[in-house]
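One chain, chain A, links the two complexes that follow: it is found with chain B in the first and with chain C in the second.
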Partner chain A sequence: MTDQPLLVVEDLVTHFRTNRGTVRAVDGVSFTLERGETLGIVGESGSGKTVLSRSIMGLLPPKNVVSEGRVLFEGRDLSSLDAKQMRAVWGAEIGMVFQDPMTSLNPVMKIGNQVTEGLRVHLGMEKERAIETAVALLRSVGIPEPERRMKQFPFELSGGMRQRVTIAIAIACGPKLLIADEPTTALDVTVQSQILNLLQDKQRERHMAMILVTHDLGVVAGRTDDIAVMYAGKIVEKAPTRELFTQMRMPYTEALIHSIPKTDQPSHTRLPAIGGRPPDLVNPPAGCNFSPRCPYARDNCHHEEPPLMSDDTVTADHAFACWYPVGVPVRG
Partner chain B sequence: MTTPKTLLEVRDLTVEFPAGAGRKVHAVSGVNFDVYQGETLGLVGESGCGKSTTGRAILQLPRPTSGSIVYNGRELTNLHGEELRAVRRDLQMIFQDPISSLNPRRRVRDIIGEPLAIWNVGTKEEREDKVRELLDAVGLDVAAAGRRPHEFSGGQCQRISIARALALDPNLIICDEPVSALDVSVQAQILNLLEDMKERYGLTLIFVSHNLGVVKNVSDRVAVMYLGKIVELAGAEELYARPLHHYTAALLDSIPVPDPTVRPGAAPDAVAGDPPSPIDPPSGCRFRTRCPRAEPYCAEVEPPLAELKPGHFVACHFPIGETDGA
Partner chain C sequence: MLPLANAPVPEAAAVEASPRRKRKLGFFFILSLAWVALVIFLAVFASVLPIPDPNAQKAAINLNPSLHHLLGTDSLGRDMFARVVYAGRVSLTVGFASIAIGLLIGGAMGVIAGFYRGRIDRVLMAIADVMLAFPALVFALAIVTFLGQNLRNVTIAIAVISIPGIARIVRASTLTFAQRDFVLAARTLGASNRRIILREILPNVAIPIGAFSFIAVALAIVGEGGLAFLGLSVHAPTATWGGMINDGRSFLEDHPALSLIPSAVLFLTVLALNFAGDALRARFDTKDVSV
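Presenting the complex of A and B:
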């Protein structure tokens, strides 16, 4: 079966039980990712984007978590797998790159051992071959003098170099899906563009699917096929990248795009800011989560929740959750 | 147009920190610039370039290792005790992390009112009025006065910090990455607020940030820093449209643009590698190790910051467009 999508996420729910009440971090998210496709997941802090990527990977704390829904990877339901079965998926079939390259590498283990570990465990390589492969991998992610780097510890490398190492580890076993969660947030802007270019090259070279999670629309703008915008634990708009920027329907997406200061605007351009702040996920507002901040909200927005839907003004791949979408004359 | 009044003159500012074993971190190395009354000067650069240290050294926090800082005709580097304290009324600061820069155990009215209480400004009632006026100016409800910082979001805490900085009617405010910890939707609110406050209270701002888009939005002039040096300084429009330094050009090329028609990755990496360590900066031009245009000469002689066009300063032996095909 190769015609089935690589990843299907169905009604995924991740709630955390806390002293304050239940935090609805991910609240009914569904999407499909085809082989070799790249999806950007964009949202502000607390929108649930990181919890979503961790829920897909099955990397959630063991206690006080309510999980519902299904994650089908090549037709297999990952949520039904136990820890041992998941270990065969992590690294081998789904690779992951995290935000902070310092904490995602083991500080007391040499780079070489960290890169060869997956090759030996998942691919059963002999030590010599694993070392050769690791050197080639490090070279391919742009690390100069890989033989010398293999014998060093993470603290001896710069932030950008460390992130290159975590990318080498993530792609070492040829995963079909790479999830990169804010891979460049901890890096400077010149290094950030290097790392994003590297991720894009590797994704194309290996025909991996990739989920790029970020708070920065600029990071995903030219680099993904589709973008999903998250707000308060839900996908509020999902569209082909170009269409999202030119024909956004959800007022939140519009506000997010317009509130970024751009270098081609003159100085002292007044930014269209969104009033208020993201909702408390313990007590989300009734109706549409964005309605308290939305300039277009009407009565029914405050008690009826809009579904994620498409209409005839947009392409079939474009869905949005809004009763009064922007750019569409109000009907009725 | 009349020549703007120079409010602050920074000359040969150098700040070094001990790094153990007799070595030094060269955080800021001989920086020169002026700040005009009523303008916003942006200081932009990557982490470790010395932009925050420059901002703080103006307030003598820390004391510069050498150099001169003249504010309104007074040399700050040799002021001490009461004299320095008195000058600092005029110079305020807003920090990056709005939550850790507010004392969690105090109420908002005490946080904003403390500068007034310290300087014994007006009567108690007048001080309370001033706090109310400031809360209103920064867009917070007057009822916020009785609450504590943990009850507020990051954006609201930054509004409280701004209100506190405004309490003594300062002249110059140094904003050190004031929106870096905030989400874009809240960032836009705070940037607009800073512009409003600048207008309303006639402020001069030094705006330190790593975000080129944010700096362009707020600044009249922009200085680009790299490894403790200013490499380029110009009017904001001019700098972004016609950069002369290869580092500025690389920075501008590296910004992720929120526009899907701009295809990143089509061009090769703007600059290779990481910035070198400020403990042992390269000889000559400090950018030469990553510069696409570098020649052996760049390692020998440090390029001075020279005014290539009126108001446009650059520190480069081979500035963009000046040597190619000339």
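Presenting the complex of A and C:
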């Protein structure tokens, strides 16, 4: 039981049937997450990050969706669970933090009721104990005067405070996995690092595994064990965080890293951007999805799709999908 | 290392710094509520208050207002003030009870349709459309004719007429809330559909619908007045506003007050309910407030 990984995602496919055709939002994603580890999933808007996190949670709408592959949580296939079993997993074993704390809290319910709800439903706590636990939880996520906040409504709290509350709610029942979907995107820059530090503290303190979904490589740098870079519904590079930043192989990763602003550059330095647009997920380009925008693309990049592979220039945990990886002399 | 990263949470101060911006409900709102409260108070306590019997024909007919008869007497010598007050009982009972029933049934239909969508939504909305397409007056006529002319049946008739409209409005409101993240968040916390509907959706839907129901009550009161005018509401001699307007119709030239007084009371009550409903709707319209 304990030696198997916490989460195994195998060849996960999520396609949406639309009037325009099939949108390949998630197109064959596999990864493994061990207990207490953190994985960053990075990609542009529309690369399928959010759909991936919702697919793992099993939160997709029932209609016009093609789902394939398996999500094994502690060896259980989540897609085989019925609605009732799924509800026992949600909240109690997998928690989720959403992007916008303005909309992810119920505007007409007091903070206290929202925090205690999960405690009472999943852990069967009495009202008094649930309130005590909730106060302690709110304090532990850095909310001053938690007793007073319990009686307030969400609109009386600032954005950062609200995100702290949603984190408290998500971790209330001690989930083994926390999925944070762009947890800082809707927040002020000054509050972002506080929230990220908080997530990291809680993750370590409770030995939770965490999936941190973001479009910002700067967010995951130094906070995750591994990073998976997504492009057009696929993982195009996956590596331990440090190695990804130093020895990226996929040109897309390289372009992403180059487009992080650096404070040590002189002012007015032009920030390199990635030319072109993300591919249309209904009609993805032939060959490598990134080839139309790739500065290194060659002929076969436009015809043959590279598999996610590893080679002897990188560690075993490092995989990339590119025929002509960055930093490796072209063979043959 | 950013100095901010470990600083004690500075955003706490912002909470106090931005006091809740209250939109004034205004003078007319207070006035409207006061009028409605007065009408309700008189109707509820009519039998306890020193108000003459509304059906006693003791006085002379068509008296002008005096201390004895605050609003004069009608063509049968009945006290007009007493009749207006007692008529309020019928109008308010029908108005509030029919909308309460309408909210219960129409609201349930709307929430279920808007939350579950799909086939159940199509079936429920098809039912609502059929009900909407049926002429309301003919329906009310049929109910009152076949089931009998009494307070209960008038209430039922107006309640049924109100159901499809309420169902549609509640459904629309439910749709906007069902898409919100907090519903998804509740789901990720393991909340069942029932729990989501009762705890997450209903309290949110209740606010705009509560404001709207004032206007619905006003419409129901007008509807009752219309039925009474046609002689389809409760039996004479029980006073109703619509019935009183009808009674005074034959004396419009000589004694216009007989029709004008109940008309004015009906008008003011409906106007007050509309005002109150509108003010509340504007107050709770959260579309421009990011809560």
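FYI, the second predicted complex is superposed on the first by the 331 of 332 C-alpha atoms of A that agree within 3 Å, B and C clash if a C-alpha of one lies under 4 Å from a C-alpha of the other, contacts with A are read in each partner's own complex, and residues count from 1 in each chain.
Rule of thumb we're sticking to: a contact is a pair of C-beta atoms (placed from the backbone, for glycine too) under 8 Å apart; a residue touches a chain by one contact, two chains touch by 3 or more.
Source: prediction; values computed, not measured.
Engineer: Quick check for you: in the superposed arrangement, does A:Asn19 touch first (chain B), second (chain C), both or neither?
Structural biologist: In the superposition, A:Asn19 touches no partner, neither chain B nor chain C.
Engineer: Applying the document's definition of touch, where does A:Ala88 land relative to chain B and chain C: first, second, both, or neither?
Structural biologist: Touch partner of A:Ala88: chain C, not chain B.
Engineer: Quick check for you: in the superposed arrangement, does A:Met109 touch first (chain B), second (chain C), both or neither?
Structural biologist: In the superposed model, A:Met109 contacts chain C only, not chain B.
Engineer: Look at A:Ser80 in the shared chain and tell me whether it touches chain B only, chain C only, both, or neither; answer first, second, both or neither.
Structural biologist: neither
Engineer: Going by the contact rule set out at the top, does A:Met161 touch chain B (first), chain C (second), both, or neither?
Structural biologist: The answer is both, since A:Met161 touches chain B and chain C.
Engineer: Check whether A:Val191 is in contact with chain B, with chain C, with both or with neither, and answer first, second, both or neither.
Structural biologist: A:Val191 contacts both chain B and chain C.
Engineer: For A:Gly118, is the partner it touches chain B (first), chain C (second), both, or none of the two (neither)?
Structural biologist: A:Gly118 contacts chain C only, not chain B.
Engineer: Shared contact residues on chain A for chain B and chain C?
Structural biologist: Overlap of chain B and chain C footprints on chain A: residues 158-161, 190-191, 193-194, 197.
Engineer: Which residues of chain C touch chain A once you look at their complex with the stated criterion?
Structural biologist: Touching chain A: residues 2, 4-6, 9-12, 14-15, 20, 118, 180-182, 184-192, 195, 199-200, 203-204, 207, 286, 289-291 of chain C.
Engineer: Once bound in the complex, which stretches of chain A touch chain C?
Structural biologist: 57, 59, 63, 87-92, 94-96, 98-100, 102-109, 117-118, 121-122, 142-144, 153-161, 166, 169-170, 173, 190-191, 193-194, 197
Engineer: In their shared complex, at which residues does chain B touch chain A?
Structural biologist: 46-47, 153, 155-156, 183-189, 191-192, 195, 210-214, 216-220, 236-237, 240, 250-265, 269-272, 274-275
Engineer: Taking the touch rule as given, give the residues of chain A at its contact with chain B in the complex, in rising order.
Structural biologist: So the residues of chain A touching chain B come out as 44-45, 158-161, 188-194, 196-197, 200-201, 215-219, 221-223, 241-242, 244-245, 255-257, 259-275, 277-278.
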